[in-house]
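The following block contains the structure, expressed as structure tokens.
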Amino acid sequence: MDRTLKNRLEVRLAGLTRGPVRQRYDETEIRVSPGDAPKVLTILHDSIDLRFEILADLAGVDTGAEMQVVYHLWSPASDDWLRVVAEGISRDDPRAPSATFLWPGAEWLEREAYDMFGIVFEGNRDLRRILMPADYLSFPLRKDFLLGDDASRTPGAGVRHSERAQVPATPAGGDPAVRRAPAS
Amino acid sequence: MPTRRQPAQSATTNADPKAAPNARAAGGRRASAKPDVRGVGPRGRISADDPRVTLEQEIGSDLYEPIPPFPIKTEREGEFYSLRDGEIFLNIGPHHPATHGVLRLVLKLSGEQIVDVDPVIGYLHRGVEKICENSDYYHVIDQVDPLEYLSSLFQEWPAVMAFEKLMDVEVPRRAEYIRVLTGELLRISSHTLYMGFMALDLGGLTPILYSFIERDEIVEMLASITGARMLFNYYRIGGVNGDLNHEFMSRLGDWMSRAGKQAEAITALLNENEIFLRRMRDVGTMDRATALRYGVTGANIRACGVPFDLRRAHPYSVYPEIDFNIPTREEGDSLARYLMRVDEIKESIRIIDQCLHQMPDGPIMAKLPRLLRPRPGRAWAAVEAPRGSLGVYAMSDGTDQPFRFRIHDPSFMHLGVVPHMLPGNLLADTMAIVSSLDPVMGGVDR
Amino acid sequence: MTALMRTMETVRGRVAAAVRSYAWDHLTLAERVVYLAGPVLLLGLGFAAVFGYWAGGPVVDFVAGRLGIVRFFVSVTAILLLTVPTAFVIIYMELKVIARMNLRVGPNRVGPFGAVMSVIHGLKVLSKEDFAPTGVDLGVFTLAPLITFLASVMTLLVVPFAPALVGQDLNIGLLYFFALGGLTVVGLLMAGWASFNKYSLLGGLRSAAQIVSYEIPLTLSVVGVIILAGTMSLNHIVAAQSGSALDWFVFKQPLAALIFFIAATAEANRTPFDMTEADSEIVAGFATEYSGMRFGFFFFAEYVNVFIVSALTATLFFGGWTAPFDSPVHVNLNWFDPFSISAPVWGAIVLSVLWFGTLFLALVVRLLGGRSWGVIDSLALGGLLLVLGLAGLIGLAAFISIDWIRDLSWFMAKTYVFVFTFVWMRATLPRVRIDQLMGFAWKWLLPASLLNLFVTATAVVLLNR
Amino acid sequence: MAVNQRPAGRTARGKELAPAAPAGLAKPIVVPNTLWTPADPRARSAIAPSQADNTHLGPLGDGDALRADDGRWGRLQVIPTNADYVLELIRANSLWPLLSGLACCAFEMMSAATSKNDMDRWGMFPFRASPRQSDVLIVAGTLTTKMAGPLLRLWEQMPEPKWCVAMGDCTVSGGRYKRSYSVVQGIDRVMPVDVYVPGCPPRPEGLIYGMLQLGQLVKDRRGHWTERSIGPTAPKGI
């Protein structure tokens, strides 16, 4: 584990991160607010001593209470993965800025996150369904999208999508049916 | 059918999305009954410049996805689905002999030259991530198998690595060596198949059969320890399922004795073939800046001169103890991508040889509770699969099921480069470029 | 007396009626046909014999006077009948040879060594549902396969299988060949246009561009041969190469032979120039929308084309039906007159040969095979061996003594060498790109053929002075 | 809804952002790009499968249009004769598969055609690329709801007589994706199937055995195409 990376990040991103820089095994994690994400990513990508120039992954996350966008970055300058968690996106109208200005390859990743979670990436020129059919209506990986346990509970399964969505979880409490991430 | 009557450029979203599928489902069943909808009367034609009609002749009629897919939603879609003079749409796939699996490329051609391309994926989206989030940690390893179906061990590897991080499990070294050994075997089989399909897409019949001979030998070899030819559910959290047995070792020794010569024999069919070289050289060139910006990894980025290989850049298993090279090439064209695989096969044979010599004795599984309840947290692990860095991002909420299980597949990123690489080339180059990127649709669509 | 006769007649009539009805009711369909047709045939033959005896001379004169017409119809029928087995043989050859080159076995279940497999494929294609998709131009869609097939078949009319075995020995045979060979592209273009499918359209346009471009070097490369032979009649061109293998035009015109073979490959749409049905690019090219026997016609035409192109290569550059060397054994069987021996003697000879030969071979088999061969088995095998041996002997005698059989077998041998070459290329080579294809035709083949023509003409002028 | 009502012209502003200068960062521009809004009831409200509209295939089995079209559901009126015996014998010996692979099983299908276990021996070769010229549709791999339409179209494009082989557990019954939200639970919900080859994936020998059983089935039917219907019509031994 590379301690100097933590110091460099704290120096570079002073005031932009939420909470401390956490390190475990070969992963370094910082949390930012979605509004700051483009600035943070630009700093990480451009500054000489960080040079996080490979976007390893972009994932959406639906903790039962909020939406998150998780970036994984790789830089030849350090031997650790960097995880940037843009947290605090509302579940009812999830919107986050796009990262396509840095990595055009992020376009399809954001399309997938939109397809699975309904997160609208503002600035992505081609934000449409990518995996599910174009006329599909709901977002499968949201926590309030429940699977049928077997064919008996999905009548006509196969020919029709077996979706049984529920009333959205209220931001405050949410309904018990939805699994919630622990407050970590 | 309001959605089809609109001009292609209109970006309106007022069409009733509830009525439209109805009409399409009904109309598709009696496609012959409403010829005007399909754009073809009993003997009538519609102008070839009307995208909504001519493409429907090739991919499904109104029963299936119309072109454009729905009321135009995005700007890029609006650009693509508007035709200039002399341009036609050509739909390739989802069923097409050259697109391995169910990739679909909507090409905008002028003559034989490609103006623009819109890849459509998702025809193999099986909802694996959702299933994994609803099944416990043992089932996940089995569920992720069919994604990278050409080298499914590489799909299990990051998953078990991430789970081991979550559970602070120490993997015995013999198990690590067995993982490296089996993984490199699969890398060889995958690359050999790649070479065969490369030739098949350029019209050569024979190399693919030679490749399949190699692949069958390796796969049968692995079947003797895993019991399956394709979807080996072999790796476990904290080790591997079974130890190497005698049949495996005898098959492996038999194969290793002539592996090098076999690879030479297969490549000799193509590497001196002038037609093959002329079709691959300077086609689909990708410079390193583009490769980095588009998140290309694996052999494809090493063909652009970027020595990014997780086995060295971020050593994850016993790879630090093994001596091998990272071959790179400067010219980023299809031929370089092809020759990269040829070199990697040689390196993998070296790695297997060292594994056999350095493999220690000892246990192959760590001590684990029967019911896995890792602490709440997040873990990311990535390995160097035959197609690039294949990562898994797992979140745990303390229960026996992963709370979020995200699979990052390199083929997905490589297909994202295709719209950047294709325009300007000829129709025949589509296959030379797409198959040189070596996508596996199972991994792309997940 | 009369009463007696009357009763006898009635009895005879009743018996006859009973017999007839009994027989007729118990006859199978085939037997009834035979009973009806037999007397008719006998009567017909009798009348024919009488007519021939009465008016034989005039008829013979009539036929002899119009021998051209008769010969034309006979040869056209024979060639139409020839094409189908040729295509079947080449398809089977392709299946088997490519399989062996792929380290596979190839078809081996249907017929001995799978020899009937190509016929089965053909019949299956014939029995498939045949329909025209929505939006096709029906007339053109239907005509295209016929045109393609006929254009290939009609070129066979001028191919000299043997000095006498040529459909029509036109004095402009080569011109006729190129003229009709060029018709193929019309069929392909029609197919591509009428299918109302963009893959077909691309395939048709590709074939048009390709064939039109390769016609020119194909034709120019042959002009050198025409100059040397001084004729356009294929038979005379072959005669001009008679002698030993050193007199073949491939040694006088090596560049022309190479150009001709390459251009002919493109002409027949074979790998590496099979742009028109490039599987991995345009699904099946011009034939994408065709099913059933319409596709079968394209399928046949392709293989008939392969045969024709190989035959023409052998004819123009490899001496056609002439033997590469005059046979070392000169056996003259004309001293033997089969009619000098009377029929019963012939029968005795044949029967004794069959009987004793079978017995002898069966004994040999029994002795060699030990107890593993039963009496019946060894007898059967001995008879089989005897028949095979006799057939081989008769064939050898025919090959030695009868001219046209010898020439025909030389011609077929040479032709199938080139057919094998085509199959070999199909199994080995990848496909070239369309722009490389056209560039090769216009940048390399055309100048090379022009150069070859110039050199040949100069040489002829200088030598003849 | 505000997103929905935005007129189309405004999307032009998105172009400034396209490859994105850093200037565009400060005030990101919203491109109206989705039918879905939180206020849209269809996005959340439970849709009973009976009236679920967002499907690619119409309701199965109830429309006359289903039954009416060409012999897919076995509506061909064929009188079996002695000729049929010969024809079926011929067809059973030359089954050309369609070169279509969906997923993992496709590679075992190709492996069944390659050197080690050679399907060509029974004439199950060549793999035709165009459905117009193929006899057997080997559905090799998972069939998703998005792919169901194109695959059904392929099946409709094949000329009669034609047969369908379901290869692999996913195509036979949904298999390991029984719980998935986007997988057709067994392709016999979409098209008639003649032979089922279970396994995940089945070995090439298994596929060859299934094809041989298909040949036997073809010979047994002798032109009784009306016997083909939705659901298992597997020969004995499968």
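All chains are identified by letter, namely A, B, C and D, in their written order; residue positions are counted from 1 within each chain.
Basically, a residue touches a chain if its C-beta (ideal position, glycine included) is under 8 Å from a C-beta of that chain, and two chains touch if they have at least 3 such contacts.
Predicted, not measured: the structure shown is a model, and the values here were computed from it.
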Farthest chain (mean CA position) relative to subunit B: C
Interface with more contacting C-beta pairs, comparing B-C to A-B: A-B
Rounded Å distance, subunit A centre to subunit C centre (Cα mean): 69
Chain centre separation in whole Å, for subunit C relative to subunit B (CA means): 48
Rounded Å distance, subunit A centre to subunit B centre (Cα mean): 22
Rounded Å distance, subunit C centre to subunit D centre (Cα mean): 42
In subunit B, residues with contacts to at least two other chains: 17, 21, 32, 65, 70, 73-75, 97, 122, 125, 127, 130-131, 134, 209-210, 213, 445
Sequence positions of subunit C contacting 2 or more other chains: 102-104, 279, 283
Overlap residues in subunit D, where contacts from two or more other chains coincide: 14, 31, 33-35, 42, 54-57, 99, 114-115, 129, 146, 179-183
Residues of subunit C defined as touching subunit B within the complex: 98, 101-104, 134-135, 196-199, 202, 271-272, 274, 278-283, 426-436
Subunit C partner contacts - residues on subunit B that touch it in the complex: 32, 35, 38, 40, 45, 54, 57-58, 88, 90, 96-98, 112, 199-206, 209-210, 213, 269-270, 273, 275-276, 278-279, 426-431
Subunit D-touching residues of subunit C, taken from the complex the two chains share: 95, 99, 102-110, 114, 117, 120-121, 123-125, 127-131, 279, 283-284, 287-292, 295
Subunit A-facing residues of subunit D, complex: 14, 17-22, 24-25, 28-31, 33-38, 42-47, 49-50, 52, 54-57, 60, 145-146, 148, 174, 178-186, 189-190
Subunit B partner contacts - residues on subunit A that touch it in the complex: 24-27, 29, 53-57, 59, 61-63, 70, 72, 74, 76, 79, 81, 83, 102-109, 112, 116, 125-135, 137, 140-141, 145, 147, 179-182, 184
